[in-house]
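Below, each structure is written out as structure tokens.
Both of the next two complexes hold chain A, though its partner changes from chain B to chain C.
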Partner chain A sequence: MTERRAITGSWIAAIAISVAFFFAADAYALRLGTLLAMYVALASGWNIIGGMAGYPSFATAAFFGLGAYAGALVQQKGVPMPLAWAFGALVPAVAALAIGWVVLRLRGHYFAIASFAVAIVLRELTTNWTSLTGGGMGVNLPVLQISVIEQARLFFAAQTTLAAIAAAISALVAYSSLGFALTCIRQNETAAGMLGLDARRAKAAAFALSAALAGAAGAIYASSIFYIDPGDVFDVLIAVKPILMAMLGGAGTVAGPVLGAAVFFGFEQTVWAHFLSIHSGVLGVLVVALALFLPRGLLRWKRAGKAA
Partner chain B sequence: MLGQVLLNGLLLGGLYACVAAGFSLVWGVLNVINLLHGTLVVLGSYLAWMAFHFLGWHPLVALPAVALLVGLLGAALQAGVLNRVVGSPVLVTLVITFGLELLTRNALLLGFGADYRTIRPASTWGTAQLAGLNLPLDRAVAASVALAMTAALYLLLRRSWLGRAIIAVRMDRDAAALMGVRVERTFIAAFALGAALAGAAGAVLGLVFPISPLQSDAYLGTAFTVCVLGGLGSVVGAIAGGVALGLVQSVGGFAFGSENATIVSFVLLILLLAFRPEGLFGRRGYA
Partner chain C sequence: METRREGRVSALLEVQGVSVRFGGLAALDDVSLKAEQGEILGLIGPNGAGKTTFINAVSGAVKARGSMRFDGSSIAGLRPHQVARLGIARTYQMVQPFPEMSALDNVAAGALFSGAASSLPDARKRAEAVLERVGLAQQARRPADELTLAQRKRLEVAKGLASRPRMLLLDEVNAGLSGPEIDDALRLIRSIAAEGVVVLLVEHLMRVVSSLCDRVIVLHHGRLIANGDPASVLADEAVIEAYLGRRYAERAAARGRA
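After this line comes the complex of A and B, so read on.
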């Protein structure tokens, strides 16, 4: 019961803080909050395929970029923002089903590489398909005719709502038969298949959900900065950071990615502020230390050494 | 015209084989995908650039020293960091080599900046005419040296005690340990060899391509693709895969435009992974 109470309490606290922040914070703080919310959404989304199913996906950047472009291009055609965001979630989800049909046959290293390659192919396609995407020049989005603080509030609300949806989806998945199937796949996929579990369907569902969340985050991101280009939204760091966050908190759990995103965000901001020119080097040190000393995450550090 | 395209592909292939051979060795022996590999290649290029710029050494003269330095760095990384995580889940080793990559790339960016540098020896060798085809001699020499080093790795693995130890560890870690092979030291040797080959490849590539920290992703991608094409963990596979990728890129660039050459090779990579993951020429073999 205490665990249930802790979960309810965390939800209420998170919502209360977000609402208070929405009204009290200035535009700069709201922008930071928006980024944090995006991290929560990305980490929770990755966690469904990467943590729960144990498939080390580097395709987050692919789906983030695809969602950003899908949302931006229909928004340019005059589609209202919320619909564009939904479209930005739909396109990557469908793409994930198609791509997953090929890459989800692979396991371990091979899956990691293939998912990595998907992001590179999409980035190159976007760069070269100039007639649709504007190529390396990027896409400009319509600028909103509202004040700076209203914009900041709007995108904070959007990204935070998405983060809440992501956390809720990952909780629903974790306590559903899909979550059970994903855990079986992580532990022993061959055995799960022998017992009659349709691993292919479960993996496809997890991959598509994960892609939809990354895509929606990308679409909202695109709207909020008014300009995207392929190098920005298909950046490999967008694929890697959610993995680090989820691992930091505890991959495969519901709360882990949320906690990890918050800790990572705090760390990143500190490093950005103090060591701008060596920030990626410092990030590298953190990453190595994390993998060496805390491979199972903050949530489980006390239980380190026991089997998952 | 097609002959020229094929020749260019072959020359490219020799370089690719050398870039991939060390990566393939590390993957095969340690079961670690070394995301640092591309950056080690770039590091080799910069060391060669420094030897050329400050000492006036031709990159081919500097090559042994470059290989030694990068190899030592590799040995230190394996002994200090990677030996602790051999056998960990894929995600842990991927994340750790990614962290090392971030660190090294940041150091290179701080030291050299992001702009492109080139090594231009005073005497270029010009171009030979061969049955109506243009053969740029510097590229031909670079490709030959790269292939020779790859072949040297093959001989080392087949003929030396160290090579046998590496192959034994790759085949069965526990059995090798029981036979008196010091597994951790063998890991260090394997990673150092892979790093040395990456550095040497970098020195040779510096003759042909512009040098920048931003090149490392392309080299890493090349190493991935070559391994998958040729089959994992075998030197022969790396050569076959390197030549195959060189030809595919050259012909693909010719057919679809050079800006789409990357797409062609990565789509090929994904399809191969999905439908023939043991590689075009792969078998479950060693060396």
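After this line comes the complex of A and C, so read on.
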């Protein structure tokens, strides 16, 4: 009961802060808020396949980039933005079903490496399929004829709504039969199959949901910066950061990725900015520290302490 | 019973000419057998004889050649979850729990995934009843990896039972248990069979085999070398040679005369 009250309270607080921020913040602050919301969406999305099902996917960058390109290309053809974003979610979801059919047969490190390769392949494909994607030249999106602050508000609202949808989907999955099945897969996939679970279908569903959220985030991102190129939207950091965020907060939980995204964002804005030349080194240190001191995340820090 | 076996009622499980090869090794070589409603079958043989491979073949965990029919329809080539949904549950020699999940949720998984339960709450309700039955009601909230070995073995049986199977394949569920624990296990297995569930158990304890099984099947080097009632199978010359050993046979014979 207290847990339910804490969850309701968090939702109300998050919505209230977002609404207040929407009206009060300037364009710069709104852009930062938009980035944070995108992190929440990406981390919550990754968490469904990576945290709940325990399949360490590095394909987030692939789906983010695919969503960005899908959304950008139809927007160029004159499709309205919200529809383009929905399309940006749909294309990666379908791709995830197809790719998942193959790579979800692998487990552990093998799956991680295969999923990592997906982004590389898509990036090469996008760079070389010049007639469709503009290749390395990238894609220009229609510029909006509204003021700077209105633009900032629009994309803040879009990414924040997506973040809320991601958190809600993650909560719905966690408390449904699908979430239960994913937990069983993470704990012992062989045993789950022997009890009658079609693990392949459950994993494919998780992978597709995860891809749809990453794709929508990518499509909104593309609209918000008006220009994308393969190196930007298929960047490996887009795959790595959500994993770090989810693990930081507590992979497999609903609140963990949200909390982790916020902490990571704060860390990135304060510390990171001062280490621009060696920031991938700082990222490495963070990964090691996380594995050593917080293997189960901030949310379960106290509980792990009690058990020890 | 005898007339029913001869009669029109077909066997629940009918396996014909089943072979499993691992590279050049025939782990299972042309095995044929039938299992009928309410039977308790013992599957014995030396280590490496193919007992676990047989269970793996039936449950879809390894690819097998030959014909396998369950309740009249072919189960050859099905994936494990499909076999499970048809009503064949199994346990593993090495227990396979969901270690961090509660005993209750471990069993609920069996009820949910097999389709016996319509929803997760329904599955948990069924799981409670099954845990009660196998004597783990007190442990329902504890994570599976905190249970004792005997409790984890019972948990495996409970997971299978929760799926409402028509056939239960038990792979050495009594290995490593103490005398009283085995007695509990035997009572449980008898009560399961009394409900009409076919039980096929891989077993090394001859005490269990002779007191529990209606029929005993002996595998040796992947081949079926004996199939019949326990008394005659355990006295069979080939079985003694391959598995039981001369000394066991002499002691058993001495007990028989006394």
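The rule we apply is simple: the second predicted complex is superposed on the first by the 302 of 308 C-alpha atoms of A that agree within 3 Å, B and C clash if a C-alpha of one lies under 4 Å from a C-alpha of the other, contacts with A are read in each partner's own complex, and residues count from 1 in each chain.
Going forward, a residue touches a chain if its C-beta (ideal position, glycine included) is under 8 Å from a C-beta of that chain, and two chains touch if they have at least 3 such contacts.
Computed from a predicted model, the values in this text were never measured in an experiment.
Chemist: Using the touch definition from the top, say if A:L125 reaches chain B (first), chain C (second), both or neither.
Modeler: Touch partner of A:L125: chain B, not chain C.
Chemist: Tell me which partner A:L195 touches in the superposition: chain B (first), chain C (second), both or neither.
Modeler: second
Chemist: Name the contact category of A:G284: first (chain B only), second (chain C only), both, or neither.
Modeler: After superposition on chain A, A:G284 lies in contact with chain B alone.
Chemist: After lining up the shared chain so the two structures overlap, which partner does A:A112 touch, if you call chain B first and chain C second: first, second, both or neither?
Modeler: first
Chemist: Which partner, once the models are overlaid, touches more of chain A's residues, chain C or chain B?
Modeler: B
Chemist: Thinking of the overlay built on chain A, is A:T183 touched by chain B (first), by chain C (second), by both, or by neither?
Modeler: A:T183 contacts chain C only, not chain B.
Chemist: In the complex formed with chain B, which residues of chain A make contact?
Modeler: 50, 56, 102-103, 105-106, 108-110, 112-114, 116-118, 120-121, 124-125, 127-128, 236, 240, 243-244, 247, 251, 277-281, 283-288, 290-292, 295
Chemist: So in the complex, which bits of chain C are touching chain A?
Modeler: Chain C reaches chain A through residues 59, 61, 79-81, 84-85, 89-90, 92, 96-101, 105, 108-110, 112-115, 119-120, 159-160, 163.
Chemist: Applying the document's contact rule, which stretches of chain A touch chain C when the two form their complex?
Modeler: 176-177, 180-181, 183-184, 187-188, 190-199
Chemist: For the complex, give me every residue of chain B touching chain A.
Modeler: 27, 31, 33, 81, 84-85, 88-96, 98-107, 110, 217, 221, 224, 228, 259-260, 262-263, 266-267, 269-271, 273-274, 277
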